[in-house]
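Got a structure for you, questions after.
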Amino acid sequence: MEYTDTELMVTAAAEQLEDDDSVLVGIGVPNLACNLAKRNHASNLEMIYESGTIGSNPSSLPLSVGDPVLASGAVGIESMLNGFSYYLQGGRIDVGFLGGAQVDKYGNINSTVIGDYDDPAVRLPGSGGACEIASNAHRTIIISPLEERRFPEEADFVTSPGYLDAETERADLGLRGGPDAVITDKAIMGFDADGEMIVERLHPGVTEDDVQAATGWEIQFADDVERTREPTDEELRLIHEELDPDGVYLD
Amino acid sequence: MEYTDTELMVTAAAEQLEDDDSVLVGIGVPNLACNLAKRNHASNLEMIYESGTIGSNPSSLPLSVGDPVLASGAVGIESMLNGFSYYLQGGRIDVGFLGGAQVDKYGNINSTVIGDYDDPAVRLPGSGGACEIASNAHRTIIISPLEERRFPEEADFVTSPGYLDAETERADLGLRGGPDAVITDKAIMGFDADGEMIVERLHPGVTEDDVQAATGWEIQFADDVERTREPTDEELRLIHEELDPDGVYLD
Amino acid sequence: MSSVTTMASTISDVVDDGDSLYLAGFTHLIPFAAGHEIIRTGYDDLELIRATPDLVYDQLIASGCVSKVTFSWAGNPGVGSLRAFRRAIEDGVPNPIETEEYTHYGMVAALHAGAADLPFMPVRTFAGSDLVDQSDAIRTVSSPYGDDEIPVVPPIKPDVAIVSAQRSDEDGNAHLWGIPGEQKEAALAAETVICCVEELCSTETIRSDPNRTLFTADAVDHVVEVPYGAHPSYAQGYYDRDNAAYLEWEEVSKDHEDTQAWLDEWVYGVADRREYVEKLGAERLLDLEVDSKYATAIDMGDY
Amino acid sequence: MSSVTTMASTISDVVDDGDSLYLAGFTHLIPFAAGHEIIRTGYDDLELIRATPDLVYDQLIASGCVSKVTFSWAGNPGVGSLRAFRRAIEDGVPNPIETEEYTHYGMVAALHAGAADLPFMPVRTFAGSDLVDQSDAIRTVSSPYGDDEIPVVPPIKPDVAIVSAQRSDEDGNAHLWGIPGEQKEAALAAETVICCVEELCSTETIRSDPNRTLFTADAVDHVVEVPYGAHPSYAQGYYDRDNAAYLEWEEVSKDHEDTQAWLDEWVYGVADRREYVEKLGAERLLDLEVDSKYATAIDMGDY
């Protein structure tokens, strides 16, 4: 069956999730990935949203992380203060999803400004909860299309810390976890022992040159780079018929 | 009409309360005083209990500050953390009531130990919320029978700060308010500008000598010591027929 | 203790130019009616504070009444960026604005410090982020228990908070269900508080379920009953989020003139929320209707 | 994720000698059933932590299983002192116990720090109190915003917390109403959590009112359904506080032998909570019955 880049990103992100994980879910690909994982290999996945809804079981796709469909039928709802204090900072979130305008070589993410902070070319929305997700989740998964402008060697601004300069230890700053995977439309990357990004899987039909051309630094490739698994017919059916029947995110 | 010492303490304590005051209510005399004030001159008195119940309107006398009659029909209920954080520390409590085994010359209160802390003659219950009431309410009212052992010049242990050593400023330690009145079974005391206790009213039939004999230091008397007002018949009727019909606290 | 008033009189009585304002809500119960009244009343030097500036802050900025925004995430949730906010920062249109930036947790921790009268709150966030360098507000403290340094935020105490709930009594004791966001902390941190409710209820209703009370009359100065006051945001159980309006704003707000035209039509062109709702029309309201689904009862006991 | 078990198996599986235990509750929902099971199981080196040691801690101390108590107010609420607690401290009967002392706010702030993984929490209490000198735990921090020093407390993270609610599903998502005390913070701060409920309910009941959830399955390891598990404390809406029992304890506990006799009869003499309740008898249960008074419904909406 035919599939799109986004669909492949959804199935690849779903594969990163384990049963019993508590996931801080974002809108779009992360939301679809979590729902897909929950229906397949991770039926006990607990979905928590930044808005404080816990164990949400949405009957339709939310536009925002605060839609009423996430509150109605949740097992619990926390204030922002309690959600961030007890779930994120308290260490109860296994996996957080992050995106941003720029992801650098060490997994640091910029969602603040392009250009100079005081006179920005583009003013981005800012951290929101991203900095605390990056700081406190036990592992983070970064979702982004792979483009040279989005993957510079050094981000214009570090909103959310990844592996910093690869010399400073996250633990020394009191940071938990760190980026575990980067899911793009061309490849899936992990991080080496120093915290530098390394390509681990290439999507079907994508070459190492394609990936290098879309990356702002000389990116490492694992010795045993594998191919990303294609979505199965059943996964595509689930995504289209049950998870996003109106094609909100997939068209 | 005849009245007891306790009844006089109730009416005297009620007089200390102003309309619209938020009061952190204790069990016993403070509870009766608040309910009496609410039915007379302070109909907008807001009664808050250490258990977190706000605007309680008990249909019967509670034995403890956490009885279900204080929760059922309250306008709000807070966790201990929120109650202490937002109501007391946040400065929303006008009046707090305090008692203790010892009250000293400067209104410091001991509810921790009689004797040495590490080898006490009597182990008392401890601070509970008393130290934060003494530290954060805008004014505190101390309720205690006047006896020499209860009113030493210096408390064995300062659980809840009053005017400290009368030289240290409360504000310099970050403390709000301070003791405003001491309601005893013989007299009503206030505090002078240095924070030393001073007798302001003598109960009917009580002499200055009676008070001095029941106090552990040479206590000051105001130049214009007045007589405490006796309870009115209507006050006594309210107390007996409506507030404590079973005579839990008054017999 | 509070008084029940109209939106127009409350805003003009309470909000002064130069004030810092916190219009609270995380997606849910965003006080659009109050925001529009502020635009109609006319200011030019307001500091807007809020974790999640939403369309209502974009509209306030576009109207020219804002000189500073303190925030943690300025976007159109699920849609994109706030274009009027960006125009003000990137191009100074209609006027330049100052910004002060937190993270979500930093912001609500600062509100908590304001509400609880703490000099600071420690947070395990900001370390390793460039946000620290952009703000004098974010500092560090050494733990006296041998840990390393931990970032801290100072108290935020807005001059005015506008908070919302589904229902309250006339004193401002408020029941909120669904997503509470930072409504409570904002109400407790601010000097003056306006509470907007979908409907007034009896104190007996509040007293029947005191655990449902998010904030009490203690915190509230003015109560305004304003049905559909949160549209295009929503009130859980009362009406749905008007997601189409959020998507439309992305188009409207692309251009400053189009944005002004929208304000002329939907804010300046109506006298109050009632006219706004009439203008929305019955069909839109019916589309936003939601079937009932009641919570399982709880027995407080007749003690 | 948690599992539903019996009290006896849960206590023996979870509680090890040497553990620190937090049996939570402020007057309301105090887990007496769990406390009695701990006495029957038999330990001699438990650290008991709790803001308000109640009769259940007095009973645990009298049974000889306690070596340390960390607390903020050790009394019989509205009645007087805890006599077994005092005998242990004043006379070393049945064994000496170590104490560590906070204030109420210091204690719950320390639990909050434990739950939120903070190295410390600042509190505006302790200044000017001799409590500071008795505890190495209470220290001070200088505010980096120019204020003076403020006292701080370290995190408290009990090995085991026993918390309660009126109802939960089998996973431990729990609805509590009435006085919540420090149940939530204790559940979130502890390593292992046992949740005692008056009744198990469906997850649908929980999901019908998510704002009523005090803590979720995330925090809970074991769920025990134990009707009347809080007697002589109470469960709001289920049964009244047995104030007579609190007054009786004042008499029983005056003498160590009488206290032992009471434990023999009411703790060692029954196999479990069911036998205890049978022994209480129908008349006592009827006296503690309370008429129903339901909270006004709220509509979450069928989104």
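Worth pointing out:
Note that the chains take the letters A, B, C and D in the order they are written out, and that residue 1 is the start of every chain.
Basically, a residue touches a chain if its C-beta (ideal position, glycine included) is under 8 Å from a C-beta of that chain, and two chains touch if they have at least 3 such contacts.
This is a predicted model, so every value here is computed, not measured.
With contact taken as defined at the outset, chain B and chain D are each touched by C. By number of C-beta pairs in contact, A-C leads over the other of A-C and B-C.
Centroid distances from chain A, each centroid being the mean of CA atoms, peak for B.
Rounded to whole angstrom units, the spacing between the C-alpha centres of chain A and chain C is 28. If you average the CA atoms of chain A and of chain D, the two centres end up 40 Å from each other. If each chain is reduced to the centroid of its CA atoms, chain A and chain B end up 57 Å from each other.
Of all residues in chain A, those touching 2 or more other chains are 53, 67-68, 71-72, 77, 85, 89, listed in ascending order.
Each of the following residues of chain D touches two or more other chains: 112, 117-118, 124, 147, 150, 178, 180, 211, 236, 240, 290, 293, 300-303. Chain-to-chain contact here is organised irregularly, matching neither a line nor a ring nor a star, and falling short of all pairs touching.
By the document's touch criterion, interfaces exist between A-C, A-D, B-C, B-D, C-D. By the touch criterion given at the top, residues 1, 112, 115-118, 169, 173, 188, 203, 206-207, 210-211, 213, 215-219, 300-303 of chain C touch chain B in their complex.
Remark: chain B residues 27, 50-53, 62-68, 70-72, 77-81, 84-85, 88-89, 112, 117, 120-132, 135-136, 157-161, 164, 168, 170, 172-175 touch chain D in the complex.
Here chain D touches chain C in the complex through residues 117-122, 124, 139-145, 147, 150, 152, 154, 166, 175-178, 180, 201, 205, 208-209, 211-212, 236-238, 240, 290-303, going by the rule given at the top. Against chain A, the residues of chain C that register as touching in their complex are 26-28, 51-52, 71-75, 77-79, 81-82, 85-86, 89-90, 101-105, 108-109, 111-112, 123-131, 134, 147-148, 150, 178-182, 184-185, 234, 236, 240-241, 243, 246-247, 290, 293. Remark: chain B residues 20, 22, 44, 46, 53-55, 57, 59-60, 67-69, 71-77, 85-87, 89-92 touch chain C in the complex.
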